[in-house]
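The structure under discussion is supplied below as structure tokens; questions concerning it will follow.
Chain lettering (A, B, C and D) follows the sequence in which the chains are written, and residue indices restart at 1 in each chain.
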Amino acid sequence: MFHGIYAPIPTPFDDSGEIAWEKLRDNLDWWGKTSLHGLVAAGTNGEAVLLDNEEKERLFAYVRENTPSEKKVIAGTGAESARETIRLSRAAAKNGADAALIITPHYFKGCMSDEALEKYYLHVAESSPLPIFLYNMPRNTNLNMSAGLVARLSKHPNIVGIKDSGGNIAQIGKIIEKTGSDFLVSAGSAGFLLPALLLGAGGGTLALANVMPEECVDIYTLFNNGELEKARALQLNLLDINDAVTARFGVAGLKAAMDLIARYGGPPRMPLLPVKEEEKRQLQEIMQQCRLL
Amino acid sequence: MFHGIYAPIPTPFDDSGEIAWEKLRDNLDWWGKTSLHGLVAAGTNGEAVLLDNEEKERLFAYVRENTPSEKKVIAGTGAESARETIRLSRAAAKNGADAALIITPHYFKGCMSDEALEKYYLHVAESSPLPIFLYNMPRNTNLNMSAGLVARLSKHPNIVGIKDSGGNIAQIGKIIEKTGSDFLVSAGSAGFLLPALLLGAGGGTLALANVMPEECVDIYTLFNNGELEKARALQLNLLDINDAVTARFGVAGLKAAMDLIARYGGPPRMPLLPVKEEEKRQLQEIMQQCRLL
Amino acid sequence: MFHGIYAPIPTPFDDSGEIAWEKLRDNLDWWGKTSLHGLVAAGTNGEAVLLDNEEKERLFAYVRENTPSEKKVIAGTGAESARETIRLSRAAAKNGADAALIITPHYFKGCMSDEALEKYYLHVAESSPLPIFLYNMPRNTNLNMSAGLVARLSKHPNIVGIKDSGGNIAQIGKIIEKTGSDFLVSAGSAGFLLPALLLGAGGGTLALANVMPEECVDIYTLFNNGELEKARALQLNLLDINDAVTARFGVAGLKAAMDLIARYGGPPRMPLLPVKEEEKRQLQEIMQQCRLL
Amino acid sequence: MFHGIYAPIPTPFDDSGEIAWEKLRDNLDWWGKTSLHGLVAAGTNGEAVLLDNEEKERLFAYVRENTPSEKKVIAGTGAESARETIRLSRAAAKNGADAALIITPHYFKGCMSDEALEKYYLHVAESSPLPIFLYNMPRNTNLNMSAGLVARLSKHPNIVGIKDSGGNIAQIGKIIEKTGSDFLVSAGSAGFLLPALLLGAGGGTLALANVMPEECVDIYTLFNNGELEKARALQLNLLDINDAVTARFGVAGLKAAMDLIARYGGPPRMPLLPVKEEEKRQLQEIMQQCRLL
């Protein structure tokens, strides 16, 4: 049901730092016409931690309203506290989101034992009107969900999948091996999409899908059609640009890439800084090398 | 002006998870009668990331109202975004706080270059009606402010000091060496209070000061009076209990220690879990060994 | 030429801590009859850092002499200094080894810039009579070779491949994408063998191949025959046992597994400790679950 | 008996990479006339991991022969295996060393539990004719000895102290608090010498003592004489230069600093690279700022 390729969309801001709703609609119009299976609003690439709650709620509604109904909209609703996560998940439901993506709480990472995370997610799953995706994002959280924990959580009927951005392919294999076929594993980066699909992942939630939606969906489709060699060539081709819009230049890089393909990226919010001119030039070169420009 | 020993107070909750205002007043009454020089509200030990904004603002006001005026109240106002940090700092000012303690934004830590942090803090300092303390907390943020960055920031008239909880005593030395005498370095943990004072720190902001206020102030006073040997004995004596209420058992341990000294600790908010019975027993033993019980 | 599945063999010791040559021969006789394409002597699993130079040289000769000539023998010759690495590589050549596997020097990891590693490997490659495999092993070295560095080194005619044990599948993809078809990428752990093959790796050097040689070779053969689904099932099935003989129980676990399949594992050398009885029981259970016992 | 300030001397090489014995004697002549209490041969700064065993043994003898008898000579004898460590410790004894400094084995750091390290050190202590210093060096080993482990090991009569280079001053406090007055804690870097002395350390083993022996000894002497303010000024003054000859530029930086004070530093062995011209210039500037040049 949530299979396929999702774009965790950036939140566009105008020069005064306010959400640029018109620009967002233009982007949504474009994504809406692509082969993408769905969008994630207020994820890491949506600068969720830099949005206030009112903005998030409006964003959920706005994205749902401006996205074709056959495409899913998943709302990033994870906060540090269970209270806030539940509140936001309920608000996302009211605003039409199809599922909630919930990052591991991490500020108190020294205390985030498997037991603490298990109790947290079960409590949230009980209280959320929306089905839940676990969200493992070690690069930002400095915390990794173990395969065993994910397997235990997958038994809860309201926990329907995981977005694993850690990139540890052996762990992704273990999660797939230990969970049922109704539990969806979504590759959290285009850097390991094809290997994850090979092991049984049901799709990907990929920053890169914002700027290269068709190429990302192509890998998924080619793999499902057994055209492995073509899928492999595409996968290898997008490693450098994927790096550029994730680890290397971050959200600001993703936004600059949106600008370079003539969509709206715009500036990130402080403390994030826009990419520098020199970085933009490097990004452009990488995009040309992988034939995106 | 902000010299001395501060307790970063825990936020007490009742069993339903709401702030237990009456219990807080009892605790404040007690701290108010100690030799502590001030309190920090909504810091790490106050579970700031688990409080919503309305709670934080009411907390700032409540703590200020229930604390003797000769003791300072510092408000933890750091959020991930500059917008929110500024908003909260202004609210803290309105609610009577004497200064703002602002943690490094860290979710996008891969992008938090010295340049990004410098721009962030300068922007916040320009906009905050309250004087600002930098807050370096690598254990939670996985980010360390360099001595060079702190030195540059110290030149801004509204940036008056740093709470450095990293525990790298050579770095603390470098910060002291590179900043002027009007820039206050506050040791961020009782584990290195005396060494920091020796190098020129002006005090400490210490989780342990919540449960052992007089012993912590004694180290400060003994050091200032040149009674080094007594200060050293006290410092060595509190290392184990300090460990227990910080890295080892976390905020839940600090709250359990409050309960054990017959103040109100109570439960933390989810995802934090209360200490287990066995851990409480260990904590009790450690408190007895250092003659706190 | 070096394609296929290699077992990085453990070095058996008797109870007094000396190399148990007879036991080694028995193991070699067995591995010699398997489908393995080759062996690595004095790698991480061979406790190379716990062997002296005389032992290593004798080991290279002994393994070569007792291994069928159609199977390759690769010698682990990497030391901290270029001098020692070159000396050992020359000795390995004299003793009949087919190639040298050279780990990144790492004690001075703060100084191991790409530039330092590049100069090191080029110098060693110039001086080694044997073709060289780079060996990236972040779990032990706390150092990761970048894909760019590997690509530059791959241009040297005497640097023929890399054993990458890091498990970052995106990095493996980037290495494959940036090197020519004559540069061999060998998956350094069975945990990501199939995903690496999919991206273009030419084989694997797998601790697990010591105890499950045919299953590991099967994945390789099935993949090459296009029987992806069967390969996938095998890959998922061996994740837990692979974990057990690598990260979880280490070399001592690998040796215990050898004992459990009625080959000779024996004790590791100090400071390594044999697995405890309880760990052995867990290992046995895992081996049963994956139908190895 | 081993109290005071020790210089862990660099091993000088000539341009062909061989030990430059004459240059070493010149350096030893100079150190011999300083106030240093002793030297360490074949420590981290001696590039021990880049020396072969024959060189180490000859080095121990040479340093002892060319050092005044009232100064101690400690031999770095730690290797990855207990066998080799014991062999080297015995050789060091034969060659006149006064004690052995033994680093934590670390290649298999995932297996280096407190139990493994305890057994290792007790076994070595039983077999070493020389008294033993534990050597905790997390920056190079990625391993930290816990205060509890050190306390247990300190009970062995042949384990007489620890060189702790970790820089965690709270841990140093805990070690001092948990060990007897006959167990010597030596600060492993000039970055935290004075704070460590304050808590009860008996001296320091300091890379910086190679180039600033008198200033380092002065801190020790001033502290012992109660001249805290002068000691503090010296401590703060040497933080930058200490950084430069340790973490920042490494052993190559230390050697360049030796050259700059007109002693012999010379090139490090590969894979280490000499400092670049620009780095040498920076080093010179730092040395001028702290009035060493």
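The criterion applied here is as follows: a contact is a pair of C-beta atoms (placed from the backbone, for glycine too) under 8 Å apart; a residue touches a chain by one contact, two chains touch by 3 or more.
Keep in mind that this is a model prediction, so the values were computed, not measured.
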### Query
What chain lies farthest away from chain A once each centre is taken as the mean of the Cα atoms?
D
## Note on the structure
Expressed in whole Å, how far the mean CA point of chain B lies from that of chain D is 36
### Query
Once you find the CA centre of chain A and the CA centre of chain D, what distance in Å lies between them?
49
#### Entry: Sequence positions of chain D contacting 2 or more other chains
none
### Summary
All chain pairs satisfying the touch rule are A-B, A-C, B-D, C-D
### Residue ranges of chain B touching chain A (in the complex, touch as defined)
17, 44, 49-52, 80-84, 105, 107-112, 115-117, 119-120, 123, 139-140, 142, 247, 250-252, 269-273
### Residue ranges of chain A in contact with chain C within the complex
167-170, 173-174, 176-177, 189, 191-192, 194-195, 198-200, 228, 232, 235-237, 239-240, 242-243
